[in-house]
Structures are given as structure tokens and as C-alpha cells.
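Heads up, the thing below is written out as C-alpha cells.
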Amino acid sequence: MIIVLKPETAAAMQAKLVAQFGSKTELFTHHNRIAIQGIQPADLPADVVAAADDLITDVPAAVQSSRLLHPENTVIKTPHSVIGGDQFVMMAGPCSVESADHVMAMAKVAKQRGATVVRGGAFKPRTSPYSFQGLGEAGLQALRAAADANDLDMITEVMDDEHVPMVAKYTDIFQIGARNMQNFSLLKAVGRTQIPVALKRGMSATIDDVLNAAEYIAAGGNHQIMLLERGIRTFDHKYTRNTFDLGAVPVLQKLTHYPVIVDPSHAVGEWDLVTPMAMAGVASGASGMIVEIHDRPTEALSDGPQALKPKTYLKMAQQAFQLHDLMTSWN
Amino acid sequence: MIIVLKPETAAAMQAKLVAQFGSKTELFTHHNRIAIQGIQPADLPADVVAAADDLITDVPAAVQSSRLLHPENTVIKTPHSVIGGDQFVMMAGPCSVESADHVMAMAKVAKQRGATVVRGGAFKPRTSPYSFQGLGEAGLQALRAAADANDLDMITEVMDDEHVPMVAKYTDIFQIGARNMQNFSLLKAVGRTQIPVALKRGMSATIDDVLNAAEYIAAGGNHQIMLLERGIRTFDHKYTRNTFDLGAVPVLQKLTHYPVIVDPSHAVGEWDLVTPMAMAGVASGASGMIVEIHDRPTEALSDGPQALKPKTYLKMAQQAFQLHDLMTSWN
Amino acid sequence: MIIVLKPETAAAMQAKLVAQFGSKTELFTHHNRIAIQGIQPADLPADVVAAADDLITDVPAAVQSSRLLHPENTVIKTPHSVIGGDQFVMMAGPCSVESADHVMAMAKVAKQRGATVVRGGAFKPRTSPYSFQGLGEAGLQALRAAADANDLDMITEVMDDEHVPMVAKYTDIFQIGARNMQNFSLLKAVGRTQIPVALKRGMSATIDDVLNAAEYIAAGGNHQIMLLERGIRTFDHKYTRNTFDLGAVPVLQKLTHYPVIVDPSHAVGEWDLVTPMAMAGVASGASGMIVEIHDRPTEALSDGPQALKPKTYLKMAQQAFQLHDLMTSWN
Amino acid sequence: MIIVLKPETAAAMQAKLVAQFGSKTELFTHHNRIAIQGIQPADLPADVVAAADDLITDVPAAVQSSRLLHPENTVIKTPHSVIGGDQFVMMAGPCSVESADHVMAMAKVAKQRGATVVRGGAFKPRTSPYSFQGLGEAGLQALRAAADANDLDMITEVMDDEHVPMVAKYTDIFQIGARNMQNFSLLKAVGRTQIPVALKRGMSATIDDVLNAAEYIAAGGNHQIMLLERGIRTFDHKYTRNTFDLGAVPVLQKLTHYPVIVDPSHAVGEWDLVTPMAMAGVASGASGMIVEIHDRPTEALSDGPQALKPKTYLKMAQQAFQLHDLMTSWN
């Protein structure tokens, strides 16, 4: 349950509850609220009940991720970005880091129209073991250099818990891939760092699954979490790679305080569908977008068909910011 | 296959092909194009081949619905609306026609912010036989009166082929419901009329299923077809009634010439998610929207939870048109 | 709610409840039980409460289909079959009635290994309007003749409410196709007859959807209903046409009293997978099977790839009955 | 492509191809067959073409897992079991190892009716971080002791690559859980061992995804792989936890040489549905079954609702072997 305490005595009551229940169950405090797992109102001391404005008993398992415990938005600050605030954050770059020169060129394109984060994979979770698996640490170094040269933040995927320390040396934001969304060892490992984590929704992850996966990160003490909607697997994948579930954006915003980012590239998998879906993603109210770009998509080492060429990207990004400006005018 | 004929001799060649193959297979002509089912290039007379600019052999079953035969957009003109042109068409009204007075009041609200079509169900396809089944012909009359009093077009669902003549007496646009998308007898029946048809995508209909269903209507001679994306059934329906598949909008626009309309109300099923999804629908490039409104949603005879109250609708509609204006400026 | 009345006073109490509530709501009686829609225990007269063994308030919308009202199995008797009893019922035949001779030959094959029902479509719900649509009434006549010549029952699909009287002249069992599972006009039309109905589960119909669709038939007064599991639409259909949901067999048997029949042919869509799935269907506890056979599958007018050749069918059917015999020995 | 070489010169030709292409691409040999990635028939030396019985160019990415390269069944031998041969293998035990005594008692039950493998989780992938996470190494020790005392093999889940060496000290078979099916780091780690691996199908994994995941293990040199069908995620999960996709059994058997095992417990998630689905699994042709048992399901630390009580398990297992015996008589 969650107890909403009167502000003036909240600290004292929280201390009392921690003293009484802390050795038996999980407790989480946030401002004047406190969540206690497995406790009913009848178990509470009378003075706590008297000091409470509200007792919320219908509480999800992912309690730290819930707005019931943490009503205000989480805003994540990286060197060049504010994620979850009033600004719309653009993240762009190639699917894979293919070479130092290439990612440097793509970062420059990304930067041109307002991106503040450059993306690129150095460790690639490929369906087949015989596909390109990424440049590894050399890829991390190249992406870091490209980010620094263009005053951008860097986001890159970490694929297993053993790699967390190495990736942490370079990146501003960890990305957890869709296939690893319930790799709990990995979630715990990034949860022990203080580096922001972008958690991608799994192909068939329910909203509750996403929130519980985020909770694994939060349970380790890392609350710098953003959620990425990248399309789900449904019965029809003939014309799009996945089904972009934009309804998840306002649903997640209602349930959780973490920023929600959309990934139209993976959602549709075809470059000529990316711009309309990017616009739809902005219009749905997302806090940002991550998009794949490539100057020669047919030669890309991975996911070429969904990459935007620079010219298309630049037009799309301009429209995205115009659309976000219009939406800001509505508030 | 589809033969793209040189314009100057197109008519003559089409006549020749109809004479040669017309008794054996289906032929469809559109401007300088002709589609012939079950025929290979080697079957064609030499002069037809010589008169062709292109021979397209990879042709979908739903050939009349395909842009390969009909490259330009279908634009549907009803008394008060142009659907599929440059304008964004707003269709709004209650889920069910509940009474003459109520639907009159709702039509007035719809009209206030630019709707040109009023919606309302007189025959309701309800999951349970014991739920409200609609007012029947009295509902049609009330909706017609509400449309006329407000200079609006009327759209309403027809549930079976026997009812087509009766509904045709009143409506400007037939709606085929999601559960009837593959009720082929009904599709054939509306295909024999010349009244525009709004075909809702079935809950688990693939893009190809939608196009084949539209083809049943076209095969009867009625080409006034629009397609409604209203959400599909996926693994997660805890927080939304369906999954709004906005990727279907640009996919359908690429494949077919029929206008695509979005239905955010049924897609999400919760009123507080309708506005962001309505905005996403506009941004995806749809030609219009159909949305449910009700002044007292908790008392609605059907689908109350997804109805927008008038005030929310009016704000949403204003934003939708602003967003569409911005998008128009990009072209 | 459902009231389980003490047997000795059940009739009197039911009469009393019908008198009191019959004009306001739906009531359904079955032996010593009575279901009343929209009524709470507090609304009941005291003597009814006193005469009740149980008051069940958590009742599904599809109340007549529920075991809560009708605990014992429904057993359907046709001239040559008992469906839902201890016997396993085999229904076999071609997908479409292609000619009088062909269906006669196939009926003879079906009969050889224990089938008591011959199937065949005279009205075919085809995805494309340009595919073979069936022989119509001539097909019905041919199938009737094939059934009669082999002492078999006949099952055939009825596609719309207008055809119900014509099909009723010939068939022993109506089949409602998957695409029409929620064609409520059709369900009501067969519900007004007393001919047994085999209701196919829709491609994305939930268990509750199936039961509510059955309830439309029951609400009309026809309780001779059997349910057909024929595979559902999921994310993977590369190697099978649908996903055979055999879990639905025991689930439906727990919830409803109607017999459950499996259709392995449509479930997998590939003939070489039909035998293992047919065996799995028997082992799941189904009351019967409907399977497609054809002597020259590559020339079949519909669904050839999933048809068993006679030799394969005969072996499969033999095994099915052996397996059912083994299962009978376990009870 | 795959080259099927005439047996007499196969070894020489394989050596020649390895010498020519081995530094540029992946080659895999199996008896008289050789697979070469990215090579076309035109690239082959003339004497290789002359020495070939067949050139197969339509080859899946997961080539080592394919019957095209490896036509005969893989049979895995563990101390007490032969998996993939003529016998049906029963694996049973509690979901989690809860205590040394408890797992010892459950192993004894499992053994009573023919199980040769005891299951139990020491590291548990739980949706919520606050749920029981398993006993860790102490659990492995307890399960090992229970297996040894009852002359059983042991199967247990390994959740991340760091734990592979520790789990390897105890187990006869690694289990890879559904949520980790595409944890490629983990797949590579178990691929470097020679311990048999039971790979569970992911919740939304296609058949091709399963085969590619298996290929990651094989690519490391470990070919002792079995595949577990445990239900997939679909639109309906009200009455069953997942949808048991038994069609996957014969599909996988057609495509791959690895044994296929069914897991009815996770597939349905409700104990009273486990027996019919277990029977269906045997009838589908699976090589074995893994099933959860518990003497006090309501007190189980995980997945209690799906556990069979000993008495139910014993009856189910007896029926399963009788059914398998009947099926053996058909061959």
C-alpha cells in the first residue's frame, strides 16, 4: 500500500514505519509518500493513520515506477539534453557504428537539425549468429568521439551484465534492447550504476511488463529511466516490421513518471513510413524520438531499409520540432 | 497482370482485350490501364505488347483497390464533405442514437467545431444479445433529422444485407462494422448501391484482408470506398481496448487509392486517451477522423467510457484542424 | 444472478420469479435453476431466498451457455450421430462441393472409417471476390445426395440470414464460419430454427466472444449448439495457417455445456501437419473432429494444401478412434 | 547453400572447399554435406559440382539446425535419459527449489511414474524484482542431491552468462528461459560448454526465431540442443496463461533435427488444464514433457496454480506413457 502523509509530519511517520517494518518488507519513500509491500491498513499504527491524507491499497507491483508513489514527472539531465521536461529530445544516428569516420559524419547530420543525442550500436543483438555483431569497444570509442566532436550525448546498447562497466566508461545513456527487456541480470547490473537507462519495450511486453522491468532498474537504486516504445509484434508484419503502439505513450504517461521516447524506425522498419510515424509519435505526446539515419542505406551493415537518408531526416526533424512547438502552444 | 497502355491507343487496345478475354476472365479498365486476371504476358497479342508502356505482373488479388491500376487518389464527395482531398474531414456523434433529442444535441456539438458528418448507430452489433441493440429505423430517422438540421452528412452502420435498402433510404455513408468486415454477403449488398461505404478494419484483419474486403464492394460496381482504422486486437488490452495501428495509415495510402479515416475512440476505448491518439491520427496523414461524443458518458447506452464530453471534443477538434493546417504547410 | 433452488419447490419459485420480474428483465430456467439478468440477491423475495440452495452472483453475460445454469453436457442427436456423448464424432469431406460425383466419392471415403457426418461448402466465404464462390443450391443438393447415399449426416456453411431457409431445406447441421462468428443477424436467424448449429471460433475471438456468439443463437431458442476450434490468428503464420488453440477445448468444456469439436485442417493449413494435430485434438478431449479430404488436392477448388488424401485420412481416422478408445478406458 | 556430395568423394571435396572458402566465410560439414554461407553455385569449382548429388540454394540462416544439413534426428544422451530417441522422456519437479527436503520429496514423486529428469529453479526470472528470486547455489546443491538420490538427471535454468560455470558444476541440462531466448550473450556462453541445453521458446518467438536462437548455441560448438514449446502470447489470456502452440511440434520436427519437448504447465498456467494439454502434447509427437508438481500448491513460492499434486501427476504420467505406447504401435 501507499500512504500519503500530511507534509508536516511525513518525515517522522516515515521514520517510524521504516523502524517498524524495515526489516520485514520493502519500503520506499518519496517526498511525503511511503510505499510498504505486503502491509494492510489494519497493520498500521494509529498515529500513522491519523497523519495520513490518503491510504492507497490498490498499488501495482512496480511501485517505485508508479505515479501513485511519485506523482511528478522524472526529468533526466544529461550534458546536452533534458529528457522528460518541456523540450522534445531528438536522438539520431546509424543503427550500427560502422566506422569512426562514418559515425562522425552521421553525428554531424544528426546535430544539424536539433538532435542532442547520437545513437549507434557497438554490440548488436542480431537474430542470426552469422550476421555482423558490432565493432565492440572500438565502436564505443568511435561513437564517443563523434558525440564529443559535435557536443552531443551518446546512447548505445549494452547487451549483458559483464559489459556494463566497459560501456559505462563511454556512454551517457545505456540502451537496453527489446530482446533483453526481461534479462533481469542485465537490468540489475545497470540498476547498480547512476547512468540513465533507456529501456526498450519487448516485442510482446505488456505495459505492466515494461513497468516491472523498469522496477528492476529502480530497485537497484537507479531512477534515471526512460521508456522506449518501438513497436510490438502482432499478427500482421507484411508491410511493417512491427506494430507501432502509440497508445502506449499516453498510457505509460498516466501510470508512470518516467519519460517516454518513441522509435519509429524499428516500429515500421521501412524508411518511407518513418516520417508519418515520427509525426504521429510527436503528436502522441512523447518526450523525444530515436531515429536511424544512414547516408547509403543499401550498404548499411544492419537495418538499412529503415534508415532515413540525411535529407529526409533533416526535413522530418524540422517538422517534428514545428509540431512540438504547436503542441506547446496548446498548454 | 496490369497493362499500362500508351494513352493514344489505350482505348482501342482495351476494347481488343475485352473482346478477346472478356468472356473468360475478369477485366478492369481505368484510364489507360487494364487489369486481366489469370493472364500472363505471353498470352497477349503482339500489338498490345507493342502498345504498352509497362506490363506489371506482380499484382494483388484486390486489383481494383490497388494503386497499380488506379494511381490517383479516390476522392468521395457527399453533400457536405469531400473525403480524400486536401481537407481533413471530422465525423462525430454518439455511439448509439439514443433519442431524437439527444442525437440532435450531439449533432449540434459536432457541427460547432468543423465536423461535416454526424455519426450514430441505429443497429448495434453488441457482443451480448442482452445488451441494447439500437433503435432501428426510428434511430435512422432521428439521425437523418439531426444531420439535416445541422447541414451535416450522416454515417451509420448497416449490419446485414437485408437492411441495406432501408438504411439506404436515410444515410449518406454506410458504415460496415469491424465484426462484419468479412461478411461477404453484406459487402456484396452495399457494393450494388452507389452510396459511399466506410469499411472498418476487422479486429484481426491484415492489410491484405482489408483490401480484399474493399474489393468485394468494388467488384459490385461501387467504388466510393473509405477505409477505417479502428485498432486491432493484440496481446495487451488491459489499458486500451485495442491497439491503434497507425502504421496502417501510410501503408494503406501506399497500396490503395481509397481515403483512410482513423477512429481513435474505438482504438483506445478510454476517453482520456482519445485526444492524444486523435492528434497522432491526424499526424499520421489520415484524411479524416470519426470520434464519439456524449454529454453524459456514464449514462450512455453503449461505449460511454470512450466518449468525449462536448468541451473536450471541441478542444480536440480545434487542435486537429490546427495540426492539419501545419501539415498542409509542409507540402 | 443464478438461483439454485431446492428441487421440491423449484417450479413454484421459478413461476413466482417469472411473474415478478418477467416483464422487466430476461429470465432463463433450467431444471431447478433460474437466471435473472440485472437482479441482486437483495431484490429477491424472502421465500425465494429461503428456497435456494445457492445464489450465484458472478455470472457471465452468456448465461444460457454457462454451466452455472446448465451443469450437464448438451448432447446433440442427429439422424446418424450423437454429438457430445461418449462417442467421438468424425466429420469429413471436401472443402467445397465441387461436383455431385466428387462429393459422392468423398462421402464414401469418409464413411469407410467411421465418419457419421459429411462436410462440404456450397457457399464459400473466400477472401477474394474473384475466387470460386461455391455451387450454391446445386451444391447443397449434391451434398444431401452424397450424405443420403452413405447414411451420413450433412454439415454445410450458411453465410447470411437470407440463405437460412434454403440451406435449412437440406442440411442436418448449419455451420457458421469463422468470419461470420459475430455476424449477429446470421446468428439470430439460425437461432430461430431448431437445426443444430456448429459455430466456428473467429480468428481473433476470445473464449468469452465465442460464448457470447453462442448465446445469440441460444437467445433465439435454439440450444443445439456445438463449438468448433479451428485455430486463431497469432504473430506466426509462416509454417501454419493459424495457431491451433487446443487449450480452448478443456477451457470451453469447463465453462459451457456445448460439445467442442476440433478442426485440424484449418488450424494448420498444411496436410502433413494435420494428422499430428488431429491426434492432439482427440487427446485434448474434444467430442469430435471435422477434417478436409480430397483425392486430388492440387486440383481442389479451395484449400487443397490442407486436404488429406483418402489413404492418409483412413489411417488418421483409425488412429483417432484407437486413441479415443484408450482415453475412454481411463474414465 | 548446401552441397550434398556423393559419399565416396565427400571428404576430399569438403577439404577442398574448406581450403578455398574457409578464410572468407562460414562452412559447416555434416557427413557428406557441407554448408557454405554467401556462396552461389556459380562460385563452385567444376569438380565439386560434378561430385554433388544436389545443390540446395534455399537454405535458412540457421543452417546447422536445419534438416537440410543434418537430416537425421539429434539424440541426446544424459546419464539416465535418451532424449530424441524412441522413448518419451518425462521431466518433473517443482517450479522453484524451495528447500532441500521439499525438492527431495518431489524428486521421489517424479521418479515413481517414470520421470528420468527432475526439474527445479534455483535462479528464478520473476516479473517483479520483489518476488522470490530463488535459493541460488544452495538450490543447485539441493536439486543435485535430489537427482542423485533418485537416479535422475537434473535440469535447471541458468539466467546469465556469468552463472554458466557455477550452474555447469551441478546440472545435467541447462534450461534457457523464455525471457532469455534471445539473450545472445547467454546463448553463446552455453554454446561454449558441452552440456545439453533445453531452449525455451520466447513468448512471441516465431519458429524461425527459435531456430536462430538454437543456432547461436550450435555456432559455439554445442549441438546438444532440445527445444521447449511452452506456450506463446496471444490476444486471449483470460483462462490460460499462454496459448499452447502444439502445431510447433511437427513444424519444428520437419525443419530441425533437435528433439522437441512440451511444457503444458507454463502453457496453460492452471493445474486442471494440464492433464488434457499434456495428453495433447504427447499426441502431437513430442519427444518428452516437462511438468511442474507440488504437494501443497497454494503454498508454493512460485507458479503454484499450475502445479499438479502428486496424485494427479502420477495418473497423468501413467496415461502419457500409455498414449506414447499406442503411438509407437502405429509406426
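For reference, chains read A, B, C and D in written order, and residue numbers begin at 1 within each chain.
Basically, contacts are C-beta pairs under 8 Å (C-beta built on N, C-alpha and C of every residue); 3 or more make two chains touch, one makes a residue touch a chain.
Here the structure is a predicted model, which means the values were calculated and not measured.
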Decide which interface, A-D or A-B, involves more C-beta pairs in contact, and give its chain pair.
-> A-B
Distance from the mean Cα position of chain C to that of chain A, given in whole angstrom = 47
Distance between the CA centroids of chain A and chain D (whole Å) is 33
Could you give the separation in Å between the centres of chain A and chain B, each centre being the mean of its C-alpha atoms?
-> 36
Multi-chain contact residues (two or more partners), chain B = 204, 208, 233-235
May I ask you to sort the chain touch graph into line, ring, star, complete or other?
-> complete
Okay, in this complex, where on chain D does chain C touch?
-> 204, 206-208, 232, 234-236, 238-240, 243-247, 249-251, 254-255, 267-268, 272-273, 276-277, 279-285, 319, 322-323, 326-327, 330
Mind listing the chain A positions that touch chain C in their complex?
-> 204, 233-235, 237
Parts of chain B lying in touch with chain C, wherever the complex brings them together | 26, 37, 61-62, 125-131, 159-163, 179-180, 182-186, 188, 203-204, 208-209, 212, 215-216, 219, 233
